[in-house]
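Two complexes come next, and they have one chain in common, subunit A, joined by subunit B in the first and subunit C in the second.
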Partner chain A sequence: MKHTSLVAFLAMIFFISHQSSAQERHTVNGYVKDAENGEELIGATVLVKELGTGTVTNVYGFYAVSIPPGTYTFQFSYIGYQTIEQTFDLKENVEFNIELPVEAQQMDELIITDEAIDANVSDIKMSKNELDIKQVKKLPALFGEPDIIKTIQLLPGVISAGEGTSSFFVRGGSADQNLILIDEAPIYDPSHLFGLFSVFNADVIKDSELYRGGIPSRYGGRLSSILEVRTKDGNNKRLGGSAGLGLLASRFMLEGPIKKDKSSFIVSGRRSYVDVFLKATNQDNLVHFYDVNAKVNWKHNNNNRFFLALYLGRDVFSFEDVFGFDWGNTTGTFRWNHLYNDRLFSNTSIIASHFDYKLALEDDAQGFDWKSNLHELTLKQDFNYFLNTSNEFEFGYHVTYRQFSPGRISPTSESSLFAERAIDKMYALDHAFYVGNQQKVSDRLTFRYGLRLSVFQNIGKQDVFIYEDPKDNIDPTRIDTVSYGAFENIKTYVNLEPRFSARYLLNANSSVKLSYNRMVQNTHLISSGTVPIPFNTWSPSNPYLEPQIADQVAAGYFRNIKDNSIELSAEVYYKDIQNVTDFADNAQLFFNEDLTTEYRQGNSWSYGLELMAQKKEGRFTGFVSYTLSKTERDVPGVNNDNPFLANYDRRHALNLVGTYDLSDQWQFGANLSYSSGRPITVPAGRYQYDNYQVDYITERNGYALPDFHKLDLSATYIPKKNKDRKWQSSWVFSVYNIYSRKNAFTIYTRLKELDDDVYSDEKEAVKISLFPILPSVTYNIKF
Partner chain B sequence: MKRYIIAILAMAVLASCEETVQLDLKETEPVVIIDGLVSDQFKNQYVKVSRSVDFYAEGTSKAITNATVSVTDGTTTYNYIHNPTPDPENDGLYFSEVRFAGEVGKTYELTVQVDGATYTAEDSLYPVTAIDSLTFIINDDEFEEPEREGYYYEMLFYAHEPQETEDFYLFKFYRNDTLVLDSPTDIYFSNDDLLAEEINGIPTASFYKMGDTGTVEMYSISNAGFIYYNDLINLLQSDGGMFGSPPVNPRTNVKGGALGFFQASSVVSETIKVEE
Partner chain C sequence: MKRLIIILIGFVFYSCEDEVSIDLKEAPSALVVDAWINDKAEPQVISLTATQGYFNSEEPRGIAGATVEVTDSKGNVFEFRDNLNGKYTWDPTNVAEKIETVGTSYQLRIELNGKVYTASSTLHRVPTIDSLKFTFKEEQNVFQPEGYYGEFVATDFRGQGDTYWIKAYKNGIFLNNPFDLNIAYDAGFNAGGNIDGFVFIQPIQDAVTPLNDDLDAIEPYIIGDSLYVEIHSITNEAFYFLQEVQIQTQRDGGFDEIFAEPLENVSTNIVDQTPDLNNKVIGFFNVSSVSGRGRKLLE
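Entry: the complex of A and B
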């Protein structure tokens, strides 16, 4: 069955290539860029007016159109930029780079002159959102710190576990099923301060997009979504920068040409200074985080372009110089874009990602130091082949080497009670071969189809324990140990992941789209909480942990109204996950050498309806999103084998997000969120054991937290620019949770306290809410 | 444990608020709770049998007074009788008819019959290492800012952990014969997975004043006991499943649908007085 589909697919490719060679064609290719700073524009539209067809720039800003000889008018357009037309008398291949100037600030409602069909309707992509970082910055933010992840949590199909968290849940997937990439490098924990902020510094972000369905074959490795964040390349025209002073953190960014139009750099830093306040109040408890982003590029010519991007971030907590912990991500990406010929675009990337955490206690008797880390190194070779205006191929090979060190504990003093211990490291090699094609079948119908072959290997060096009963987590009995040498194969899993999308244009302003994708995940988060914490570890698939497999179908109706100024979409989806990784009730996930006995895999299913209305241009911009969804799990060995609602199941989620530009000086933003409470486990009864009053639990996630809602407002003031000054300042005033609703973060139980340290035998339930009304102000400068 | 993360989060943002809420809970079928210990001390051993109550019920577990309770070590069976004294404080407590001491190496099996249902549990009695010594030191932080006037002595504990055996320990600390806990949800227990041989002055719970006596009781527990206490503390300190796992009943060695634990232990204890 798998083989037949592969053969059919290869036959289709052959057929298309054969057909295409029949006619002489020339190619126009190049990069579409922002005229102001030379940044490539991703997803810019290139329309050949005579043919009524065209393409969009790829993720590197590159386009190529192959057409028969003739005279053509090309139209280059991108939202927020002026549309430019260029005529070619095509007799040979043409290399044409174009820079689009930013649209003049229009204070009146924008008049759309252009009749081009908007991407919302015409693009084959569905279940995908791009975030405009400029808009994110205008929106109200917690502590005035703009954060794309907090905005992502407002998108349709995306659920948040609670305010102040940086995890998000896409179409019934858990937080670890999102592949979060910064310049192609995965981020294993996107949180600062346990999720109050994400690791993404808004000053360096150029573009970010979230796929929650219809995922192209070039992406893989996680089940539920791809969040791709791309940082700026750095202005290659002039030296500039920005700085911001916020309530909790300050930021600085500098960018500029190394060689004008050829090479540029960007470097940026952000640091929190809660610790400075704490120090001022004579507290020895120190908390801070920082981020550093740096990137250089060298665009030698259109045929060879090189990029090097680095990210480094860390959180550091220290309590009275005795106890402390820290965690952080480090990533590096080297990228080479190369044109083998006018139609074959290649991207070669070498990507490294590292995550680690450390806990330390300074004490003579109990001093210890606990370290855990995860490294990975990836080689990616991607090709885009722009066959003709009807077919755009992509194919490639990715290989990733991963090393997991779940934990090593070492004594930090001679008299420490701790012995030196470490849990075996684990290693994995992950190969992926993929092919895909976007095929324009007719003016109305476009397909995108692809296949990804995932070959995963759990490799040595490792000692694999064989258990009498691999699910006995009370008294695990090892009957044998099999030793594997370095790079020796322990277990291989091969999976074929078909991907398919179709778009049918009903008319110039409406379309229907359909997609199916299978995703496979071989990297599993070891956490049984709702929100991952940095101290969670990861594990590769192994003899005891099978790959998680998700199948998702989605269908949608897309329509633009009012001259494309308002984009509407309605999507329904159904997602089924096999082998969803969960853990036994009472699983011991920290420093457990027999962790494999805690694994429980089962099924998860989710379905939902997602509605969105978005206005991207004009004085007023914003969106309304509504998600109706349900997510359940059925995992043998969990919740007495009964199905249960996923921790992050929320029936309804409604978000209203808007910004309004009143004048050149004043801009306003608002965000209203409502969602039904997520499920939580509460006691049904209570009993005494020894001196303890213990909750009696009858079912998991059987109680709903109160509904969540809040309203945030912001105002940005941009003082009139002083012509003698080279810099422009702005003030962002933000009020978070303006009516100060005490939204439930979680509920736990405790003994009633009768007097200081005197407790009753009776218990009470306590709701924790994190943020009351929180005003903040941020001062920014740009130069 | 995970509740601390919320506390840290709250500290980091200098915000957060706790308030009591009334959960809208249905009535629940009560469950039988068993809490028993066979120690190596020669005495009337006890088993407590009770029923859970609704979360918002007054008081605590309801005593079961009509159960049939016995413990056997495979050769001798000890019958237990309900509250022999009788003392209303001891309702639900069953004591062995005769005094006996548990023996290291033996496995004790408990049988409890309640209203036609039978619950059984077994636990093995392991040896426990000796307490080498106890000392008091002045805790500098408490000395400077004592939470309770005069209470700034901290009791330290010394022992040798036998490295060749797999051991599990439960500790109880007493100040002038009253059990002390730093927090009412604390349980002091350990396995020896990460322990080195020398236990050199581990601080114990609470603080003492001049003239107080401090006592440490150290119990051997089985692997099942360790698992029970580990699950129990996770439940007692659950954050509701936000960062930690959702609350769930501890894994018990009691079979037949009851909760609680039946424990067999060797016990050693040491006492020391705070003196000039």
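Entry: the complex of A and C
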């Protein structure tokens, strides 16, 4: 079955390429950029007016259109920018780079043209959202720190586990099923301060998009979503920058040309400074985090462009000089864009990502230092082939080498009782070959189809234990140990991932779309909590842990009204996951050499309806999103083999997000969120056992927390500046949870405290809520 | 070590707590078997109770009318007689059969309302306690204030897989706070430690000094206090059972609950011969050898 589909696919490719050679064609290609700072525009529309067809720029801002000789008017457009037209008398291939100026009067109502932006309807992509960072900055934020992940949590199909967390749950997938990329490099833990903020500094973000379905074949490795965050390239025209002073953290960013129009740099930093105040009050408990982003961008010529991007972030906690812990991500991306010929665009990337955490205890007898880390190195070779106006090919090869070090303990003093000890490292090689094509079948019908072949190898060096009963986690008995040498194959998993999307235009302003995708995940998060913590470790697929496989179908109706100024969408989806990784009851996931005996894999299924209305231009912008969904799991050996609701299941989620530009001085933002409570496990009874009060539990996740709702408001004030001044300041005032609702973060049970330290035998339930009303102010300057 | 992280996370975050009332689904009550017996020359008790509603604060209801019997591999039968409130007792004084030979296996058999429940355990060896010590220590940090710290010294047997429960009594009162629950796998915390045949590691020897009522610092001994320490040999299964009890009872809520693993039942080694979803059985059967030693803190 799998083979026949592959053959059919190859035959189709052959047919298309054969067909295309029949006619003489010339290519117009180039980059679409922002006139102000030289940043490439991703997803800008290039329309050939005479043909009524065109293309959009790829993720590097590049476009290519291949058409028969003739005279054509090209129209270049992008939201928030002026539309520019250019006429070509096409007799040969043309290289044309264009810079679009920002729309002169942002405040004016949208100027409506015949070819207004209608991507919502006409684009083949579904189940995908782009975040406008300018809007994110105007929205109310916790402690005044704009955060794209907090905005992502408001999108349709996305669920949050609670306020103050940086994880999100897409269409019934757990938090570790999201592939979070910064300049193509994966971030393993996107949290600062355990999730209060995410690692993404809003000042350097150029563009971010979230795919929750219809995922193109060039992406893989995680089951549920792709969050691709791209940082700015740096202004290649003039030196500029920004800085911000918030309640918890401050930021700065500097960007500018190294050589005008050729090369540029951007560097930015962010640091929290609560610890500075604590130090001033003679407190020895220090907590801080920081981020550094840096990028150098060099456009050698139109055919060769390079960039090097780095990210470094860390959280550091220290208590009374006794305990301390820290964690952080470091990533680096080197990228080379090359144009082999007019139609063949190549991207070569070398990507490194590193995550580690450390725990340390200073003590003569019990002092220890605990380290755990994960490294990966990826080589990506991607090609875009702009065959003709009807077909855009992509294909490529990715290979990733990963090393997982689950933990190493070393003594911090000579008298420490801890001996140097480490859990075996694990290694993996992950190959992926992919092909995909976007084919315009008719004016109304477009397909995108592709295949990704994932070849995953768990490799040595490792000692693999053989157990009498591999599922006996209570008293694991090893009967043999098999030793594998470096790079020796331990286990290989081969999976074929078909991807398919279709768009059918019903009329100029409405369409229906359909998609199916299979995704495979070979890196598994070792955590049974709802929200991952930075002290979790990851494991590759191995002889005891099979790849997780998700199949998803989605269908949607898309419609633009009021001359494309309001975008409406309705989608339904069904997702089924095989081998979803879970863990045995009472699993011991921390520093366990027999961890493999704790693995339990089962099925998960989820379905839902997602509605969205969005207004992107004008004084008032914003969106309303509603999600109705249900997610269940059935894992043998868990919950007495009965199905149970996923930890992050929420039946309803409704979000209203809006910003209003009153004048050049005042802008307002609001966010109203409602969602039904997520399920938790509560005891059904209790018993006394040799003086210990023990809970009796009959059902996992059988109790739903109360509904969650809150309203946040913000106002941005931009003082008038005199013309001589080179910098512009702004104030952002934010009020989080304005009616101070005590939303339940969770509910737990304990013995009732009668008096100070006097406990009765009676139990009580206690609701934990995190944030009451929280006003904040941030001061920003831009130069 | 997970405790440490959880305490710290709780430390970092402000959170607000309110008592709420929640409606719990009524669960059919289950039979609870508390059968930890030992070789001490005192009456041995096996108690049978029923689980109770979660917010029910009454004393657990004892279950009468059962036949409770332990047989050993040598053919001895120990009859536990119904002694009110679900407590079934067997008195080793003035009887010929004893719990004494290491390596003997024991079978528990309970007959109740026509149903039969069984469990088995083996008597394992226990090391003697060589000494008890009190050491005066200066304040080390806020968690370890100045005062006398108790400590026992004993050596684990050579050979992997010995498991123990160390029980401490301060002034005759068993330290039964979940945070004082002290168990050992060989001389260390767990099987992976591979600390075999040595003196118990320091944190296990030190754990006989309890935490204060607030559970945020150690409470040292004062002059005049007495300390009595017992080591009970337990089966490996019992060790894992107690580890689960420890994990479950040491939950203290707070912000870390969102990171916590789902609540789960602790395991049981009681087998229902005719399993029945509405009449579940939970609990544990273990037979221990016990060694003990006491000391009073004098000036």
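The rule is short, and it goes like this: the second predicted complex is superposed on the first by the 778 of 783 C-alpha atoms of A that agree within 3 Å, B and C clash if a C-alpha of one lies under 4 Å from a C-alpha of the other, contacts with A are read in each partner's own complex, and residues count from 1 in each chain.
Everything that follows uses one rule, which is that a residue touches a chain if its C-beta (ideal position, glycine included) is under 8 Å from a C-beta of that chain, and two chains touch if they have at least 3 such contacts.
The shown structure was predicted, so the numbers you read here are calculated from the model rather than taken from an experiment.
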If subunit A is used to align the two complexes, do subunit B and subunit C fit next to each other or clash?
clash
Considering only touches as defined above, state whether A:96 meets subunit B (first), subunit C (second), both or neither.
neither
May I ask you to decide whether A:682 touches subunit B, subunit C, both, or neither, giving the answer as first, second, both or neither?
both
With both complexes superposed on chain A, which partner does A:359 reach: first (subunit B), second (subunit C), both or neither?
second
Thinking of the overlay built on chain A, is A:695 touched by subunit B (first), by subunit C (second), by both, or by neither?
both
May I ask you to decide whether A:774 touches subunit B, subunit C, both, or neither, giving the answer as first, second, both or neither?
first
Looking at A:323 after the superposition, I want to know if it touches subunit B, subunit C, both of them or none. Which is it: first, second, both, neither?
second
Is A:274 in contact with subunit B, with subunit C, with both, or with neither (first, second, both, neither)?
first
Which partner chains sit in contact with A:411 here, subunit B, subunit C, both or neither? Use first/second/both/neither.
first
Contacts for A:745 in the overlay, against subunit B (first) and subunit C (second): which applies, first, second, both or neither?
both
Do subunit B and subunit C land on any of the same subunit A residues, and which?
161-162, 193-194, 285, 287, 317, 365-366, 417, 474-475, 528-531, 533, 583, 585-589, 591, 593, 647, 681-698, 700-701, 703, 742, 744-750, 761-770, 772
Residues of subunit A touching subunit B in their complex?
143, 161-162, 164, 193-196, 274, 285, 287, 317, 364-366, 368, 409, 411, 415-419, 421, 474-475, 528-531, 533, 583, 585-589, 591, 593, 647, 680-698, 700-701, 703, 742, 744-751, 759, 761-772, 774
Show which residues of subunit C lie in contact with subunit A when the two form their complex.
1-2, 4-5, 8-9, 11-22, 24-27, 29-30, 32, 34, 36, 49-55, 57, 60, 140-143, 174, 176, 178, 181, 192, 201-203, 206, 213-214, 236-237, 240, 243-245, 247-249, 251-255, 257-267, 282-284
Counting only contacts in the complex, subunit A reaches subunit C at residues 161-162, 165, 193-194, 285, 287, 317, 319-320, 322-323, 325, 359, 361, 363, 365-366, 370, 417, 474-475, 528-531, 533, 535, 583, 585-594, 647, 681-703, 742, 744-750, 757, 760-770, 772
In the complex, subunit B residues that touch subunit A:
2-3, 5-6, 8-23, 25-26, 28, 30-31, 33, 35, 50-55, 57-61, 156, 161, 179, 181, 184-185, 187, 193-196, 198-203, 223-224, 227, 230-232, 234-236, 238-251, 259-261
